[in-house]
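Presented sequentially are two complexes of chain A, the first with chain B as partner and the second with chain C.
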Partner chain A sequence: MIIFLKKKRSRGSIAFGAVLAVVLVIIGLAFFALAMYMGGQNETKNATDAGMLNVGKKVADNVSVPIYPTPNELIFIDVANDTTSGEDLLASLTGGISDLKEINMHRINRVWAKALQIGINAEAADRDGFGGSAKSNAQKAFEGAQSISNRLADKLNEKADRYKYFDELAGQNSVRMLGTDAKTRALQGDNWQTSLLERGRESNVTVAPPEYSMPPNFQMPNLVMKSSRKNVPAAAKDFWFLSGYSPIKLADRTFWQIPYVYDETPHMVSGTEFAANTLKAKPIDWEKPIPNAFSGEGIAVAKSSKAPGQKAISWVLTNPGQTFKMSIPHSFVRIKLDKMYSHWYFFPVGPQTKVEYGDPQEYKYQLDTHNGPKMPLGGAFCMYVQAGEVEVGGDVLARNLDQIIFGLPDKDNEKIEAYLVNRANEMIGKVGKVISVDELHDSLSDPLTILYLLAEQTEFYMFSADGETIEIMPKYLALIRAPWLLLKQGEEPDGTEMKLVDDADCPAVLLNKVSAKPLPKCILLPPTPIGWGLWDKDVYWTPGSGYNSCLGNLRVKRWTEIYSLGIAFPSLL
Partner chain B sequence: MLNKRQNLRRTKRGSLLIQAVAVGSILIVISMALIDLIVMVLANGVNDAAAKNAARAAAGQSTMDSAVTAARNAVQEKKPSGFITSLILQSVDYDPKKNVSCKTKMEISLPIPVPLVGSKYVFMAQATEPIVAR
Partner chain C sequence: MRKQLLLCMIIGSAASPAVAQTYQNASQETMKNVEAYKSKEKLTKLLSETYHVAISETWPTNFPVPAYTSNVVSKSFSHSTKGKPSAGATLVTSDQPRTVFDFYNAACKRANWKVRVPSAKALAEFAKSGEMYMLTAEQGKQSIYLTCRKHRESNGTLVSISWTKTQ
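This part shows the complex of A and B:
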C-alpha cells in the first residue's frame, strides 16, 4: 500500500511539473499574443493619428473651389492667392478666368474679410449721406463671398478627399505587430465627422488698428481681438485679429471667419472636445459653416489574416498657419486735379460788393502772365478799372502733389488725411504693416510729382503694387506698375461726392498792375487803384466701397481770385 | 534484505531528484524565455514611441536641418537605461512640404543571454508624419 502511494506521488510530481510547464508556456504565449495585440493597437492608433494629421494638413492646402466668372465672385480674384499684393498677373489680365481654383481654407477668411471691408466702406459712406450705390454693391460682395464659402463648405463635407489623404500617409506607418503585410487604411463610415472648434478665438486675418482700418467717423466695437494664445509670440503682440465662428454683424448682414489660432499648426485634439463642438451638439447661426476639425477612423488589417483587424479613431484640428490682413489688394484711389483758373473781381459800388468780371483764364503748374480785363465803371466814380497784367501760378509752381493737396491755403487737412490714410491702409496686405499719416505725406511728396505736374498730368492713382507700400503715379505709369489697373482704370466710386474743404483761401503773392480812370471831375482816392489776390482751394471726396476696386476719388480744385479796387470821389476843384 | 530495501529507497530518491531537476530546469528555461520576451516587447514599444516622437518633432520643422535637430533632440529624450544599451536616430527622410520619416535603431541587452545568439538584440522602427510646419 505504502509502495503504491509512493509510486503515485512520484508520478504526480512529474505530472505537476509537466502541467506547470504547459501553463507557463500558455501564459508566455498569451502574454506574447496580448503584447502583440496591444502593440498592434498602439501602432494602429499611431498610423491613424498620422493619417488624420495628413487630413488636417491637406484639407487646408488642397481642398479648394473655383471662383466662378460672375461679377460678384470675380471681385475676389485679388485675394485668391497667398501674396500680400494680390498679384497674379495672368488672372488680373484675364479677369480671373485663367485662375479658377483658388479659394481654399487658407484664403476663405481673406475673402470674407474683403467683403467685410467693402461693407464697412459702404456703411460708412451711407451714414455720412454719400453712399450712392455702395450699399447695393456691398450686398453683391457679401453674396459673392457667401456663395464661395458655401461651395467650400460643401466640398469640405465630402468625405472622399479625406479618405484619400488619410490613406496616403496612414499606410506608410508600420503595423507589423499585426502582420508583416498589415496596413492601415480609412475605414469609411459615420466616424468621419466635422466639428467647429476654438470658437471665439482668432482667425488668420489681422486688421490694422481701428484708426487706420475704419473710415473716419465709423466704429465697429468688438470687431477685433488680440491673439487668444496664452503666450503670444512677440511678433504678434500688436496684432488685432478678426474672431472666428463669431457673427460679425454689419447692417443686416452677418460675416464669418474660421478660427485659426496664430502660429499654430494642425494637431490632434481630444474626442470629447471634438464631440462637444459639432454643429449638432452646439449649433451656430452660420447656415453653412466651414469646419476646422475633422475626425476619421482607420483600420489595420493584414492581407494574409482573416482577423477583423484593429481600429482607431483620431480627431484633428486644422490650421493653415498663414496669416493675412483684411485688405482689398487690387484697389486704388484716384486723385484728380481740376483745371485752375484766375477769376477777376471788381468793386463798382465800393469795397463791400465784389463783382466778377471777364472770363476766367486757365493757368498751369507754372508761372503765367494773365492780362486782366478792363471793367467799365469797375470802381466807385471810376470810368474803368483795369486789372492789368498779373503773374499767376505761384500757388502751384514747383509744388509736389502733397503741397497741391495739403498746401496753402490749408484748411481741414486732417479730414483729407483721415480718408486717404484709411484707404491707403485698406490697400495694404502685409500683416502688421500700417501706413501712417507721415508715410502718406512722404508718398505724395515724391519730387517726381513736380515733373508730372509740369507735364500737365492731372490724374493720379494711389495704389499698392507690393502690398507693403503705397505709390502715387500718373495714370499711364500706374498702368505699367500695376497691370491689374488696366481693367480697373475706368471704374468710378460708387458713393457720391462730398466736400471736405470748402473754399479755403489765403492771401496770394501777386504783383497787380492795376490802373483806373476816374470819372470827370473826380479824383482817385489814394492808395487806390490797388490790386491783391487770394489763392483758393476746394477739396472733394467721393467714397468708393472698393467693390469695383475704386476706393474713392479725391478732387482738388484750385483757383486764384484777383481783386482790383479803384475808388474815386468827386472833386470840387 | 535490509540492504535491498535501502538500495531501493536510494534509487527512488535519486529518480525523484532527477525528475525534479529535469522539470525544474524546463521551468527555469521557460521562465527565462518569458523574462527575455517581456524585455523585448517593452523595448520594441519604447523604440516605436521614439520613432514616432522623432517624426512628430521633425514634422513641425520647416527645414531639413531643423527637422534633423528636432528629431535628434526627441530621441535623446529617451536616454538609454536598464536593458537598453543604445537608441539612435538612424535616418531622417525629409521631403519638403510633404512628409518626414524617421528611423530609429535600438540595441538591447537581454537579461538572459540566448545560447548561440547572445544577449544583444537590435530593433528598428520607422514612423512617417506629414510636415505641418509652414
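This part shows the complex of A and C:
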C-alpha cells in the first residue's frame, strides 16, 4: 500500500513538472517571439530612418534637371555648377547643351538668385530712367528660372527616385529579428509625401552687404537675414542670406528660395512638424514649390515568412550643406575710352564769348605737340591771334586706367565708384568675399594698364575669372583669361546711357605761347595775348542688367581745351 | 550806352578815316566787351568766374615745390578757382632735362614727399632716352605729377608740374 502510494505521488509530480515545463517553454517562446517582434520593429524603424536619410541626401545631390537650350535658360549656365567662378569651359563652349549643366537642389537657389540680381539691376536702371530693354530681359530671366524650377519641382515630386534611394540603404540595414533573410524596402504608396519645412529660415544663398550688392540709389528692405541658427558658427556671423519660402517681391514678380539652414545636414524630423507644413496644410503662393522635406514608408519582410512584415514611417529634412553667393559669375563691365582731341578757342569779340576755330587734333596716351591755328580777327581789334605750339597729353601720360577714369579733372568720383563696385561684387561668387572701393582702385591701377594705353588699347573688360577677385584687361587678353567671354564679348548693355560726370575741368598744365597782332592804330591790352588750357572729362554709364552677361559700359571722354586770348584797343581812346 | 556814344564821337573825330571805319565796323558788343575788360583785374575776374582758372607768369610762394631758377626762359602758373584745388606750373629753361629733374627729385625728397620715379625701361616707352624724366610724389592729401622734357625751341627743358589736393 505504501509502495503503491509512493508510486502514485511520484507520477503526479512528474506530470506537474512536465506541464510546468511546457508552460514555461510556451511562456519563454512567447517572450522570445515578443522580443523578436519588438526588436524587428526597432530594426525596421532604424532601417527606414537610414533609407530616408539616404533619400534626404540623394534627392539633393542626384535629382536634377537639364537646362534647355533656350535663350532664357541658357543664361543660367554659369550657375549650373558648384564653382564660385561659374567655370565650366566645356559646357560654356557648347552653349549649355552639354549634360554637365544640370540644376539640382544645391543650385536651384543660385538660379533664382541670379534671376533676382538681374531683376534688381533692371529695376534700378528703370527707376533711374535709363532702363532701356532691361525690364523685358529681367522678365525673360525670371521666366527662365521659373521654368527650370518648375521642372525640378516636378522631378522631385516623382516618387520613383526616392524609392530607389530608400532601397539602396534601407536594404542594407539588418532586420534579422524578423528573419535571417528579412530586408526592408520602400512600401510604395501615399505615405511618400513632401513638405515645406523651415519656412522663413535662411537659404543657401548669401548676399553681399547692401552697399555692395545693390545698385546705387536702390534698396530692397527685408531682402536679407542673418542665419537663424541659435548658435551661428563663427564663419557665418557676418553673412547675410536670402530667406527661404518667403516671397521676394520685385516689380510684379515673386522670386523664391528654399530654406537650407546654414551648415546643417539632412536629418530626421517629427511627423507632426512634417504634417503641419505640407503644401495642403499650410499653402504658400509659390505655384510649384520645391519641397525640402520628404516622408517615406518602409516595410521589412522575410522571404521565408508568410507574415505581413513590419512597417515604419520616417520624415527627413534635406540640406545640401553647400552655400553660394548671389552672383552673375559670367558677367563683365566694359570700359571704353573715347578718342581724345585738343580743341582751340579764340575770342574775336572779347573775352566773354569763346569761338572754336581750327580742327580738333587727336592725341594719344603720350605727350604730343600740336600746332595751334592762327585765327584771322581772332581777338577784339586784332588782325589775328595765333595759338602757339602746345604740348598736349599731360593729363594722360603714364597714367594707369584708374587715373584715366578718376584722375584730374575729377568730379563726382563717388558716383563712378558706386556703380563699378556694385557691379564688381555682382561678379563675385565666393561666399563672404566683398570687393571694396580700395580693391576696385587697386585693380584699375595695375601698372600694366599704362602700357596697354600706350599701345592704344582703349577697350577694357572688368570681370572675375576665379569668382574671388576682379581683373581688368584689354579685350584680347581678357578673352584668353576668361574663355567664356568669347561668346559674350559683343554683348551690349540693355539700359541706356546716362552721364555720371558732366564736364569736369581743371587748369591744364601746358605752355601756350600765344601771339597776336593788333589792328592798325590799336595796342594790345596787357596781359594779353595770353593762353591757357583746361583738361576736361565726361564719364558716362550705361547700365546692363546682366541678362546677356553685360553689366554695363563705362565710357570716359577726355579732351583738352586750349584758349588763346588777344585783346587790342584803339590807341586813340 | 552814354560811354559808347562818347567812344564813337571820339573815334569819328580823331582817327584817320580808314581806322575810324574799322572801329565803326566793330560791333557794339565788341566795344562793350573790350571796355568792360580793359583792366587786368576785371579780366582776371572773368577768367576766374567763367573758366575757373587764374593765370600768372610767376609761381606763388606757397607752391609746394620751388621754382627752378637757373637759365629760366619763361614760366607760367595757373590754378583752379572752383572745385577741387589744383594747379599747374610750367617752366622753360635752357638747362638739360636730367639736371632739372635731379633738382626737383631732390627738392621733393627734402620736403619729405613720397616720391616715385619710373624705371629707365619704363621711361623708354614714352620718349627717347634722356629726353624725358618724370616723377610722382605724394604727401598727405597732396599729390604732384612732374615731367621734365626736352624743349625743342629752347634746346633746353620744359618742366610741367601738376599739383592737386584731395579734399
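Convention: the second predicted complex is superposed on the first by the 547 of 573 C-alpha atoms of A that agree within 3 Å, B and C clash if a C-alpha of one lies under 4 Å from a C-alpha of the other, contacts with A are read in each partner's own complex, and residues count from 1 in each chain.
The working rule: contacts are C-beta pairs under 8 Å (C-beta built on N, C-alpha and C of every residue); 3 or more make two chains touch, one makes a residue touch a chain.
What you see is a predicted model; the values in this text were computed from it and never measured.
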item: Partner chain in contact with A:Thr265 - chain B first, chain C second, else both or neither; value: first
item: Contacts of A:Thr180 with chain B and chain C, given as first, second, both or neither; value: neither
item: Partner chain(s) touched by A:Leu511 [first = chain B, second = chain C, both, neither]; value: second
item: Partner chain(s) touched by A:Ser304 [first = chain B, second = chain C, both, neither]; value: neither
item: Chain B versus chain C as contact partner of A:Ala21, first or second or both or neither; value: first
item: Touching partner for A:Thr70 - first (chain B), second (chain C), both, neither; value: neither
item: Greater chain A contact set [chain C / chain B]; value: C
item: Contacts on chain A seen with chain B and repeated with chain C across the two complexes; value: none
item: Contacting residues of chain A [partner chain C, same complex]; value: 348-353, 366-367, 369, 380-381, 389, 391, 394, 397-398, 408-411, 450-451, 454, 504-511, 513, 519-521, 525-528, 530, 532, 534, 563, 567, 569-570, 572-573
item: Touching residues (chain side chain C, partner chain A) in the complex; value: 7, 10-11, 14-16, 18-19, 22-23, 26-27, 29-30, 32-34, 36-38, 40, 43, 46-47, 50-53, 55, 57, 74, 76, 78-80, 83-84, 86-90, 92, 118, 122, 125-127, 132, 134, 147, 149, 152-153, 158, 160-162, 164
item: Residues on chain B engaged by chain A in the complex (per definition of touch); value: 12, 15-16, 19-20, 22-24, 26-27, 30-31, 33-34, 37-38, 41, 44-45, 48, 52, 55, 59-60, 99, 101, 125-134
item: Chain B partner contacts - residues on chain A that touch it in the complex; value: 6, 10, 13-14, 16-18, 20-21, 24-25, 27-28, 31-32, 35, 39, 42-43, 46, 50, 53-54, 56-58, 169, 172-174, 265-267, 320-322
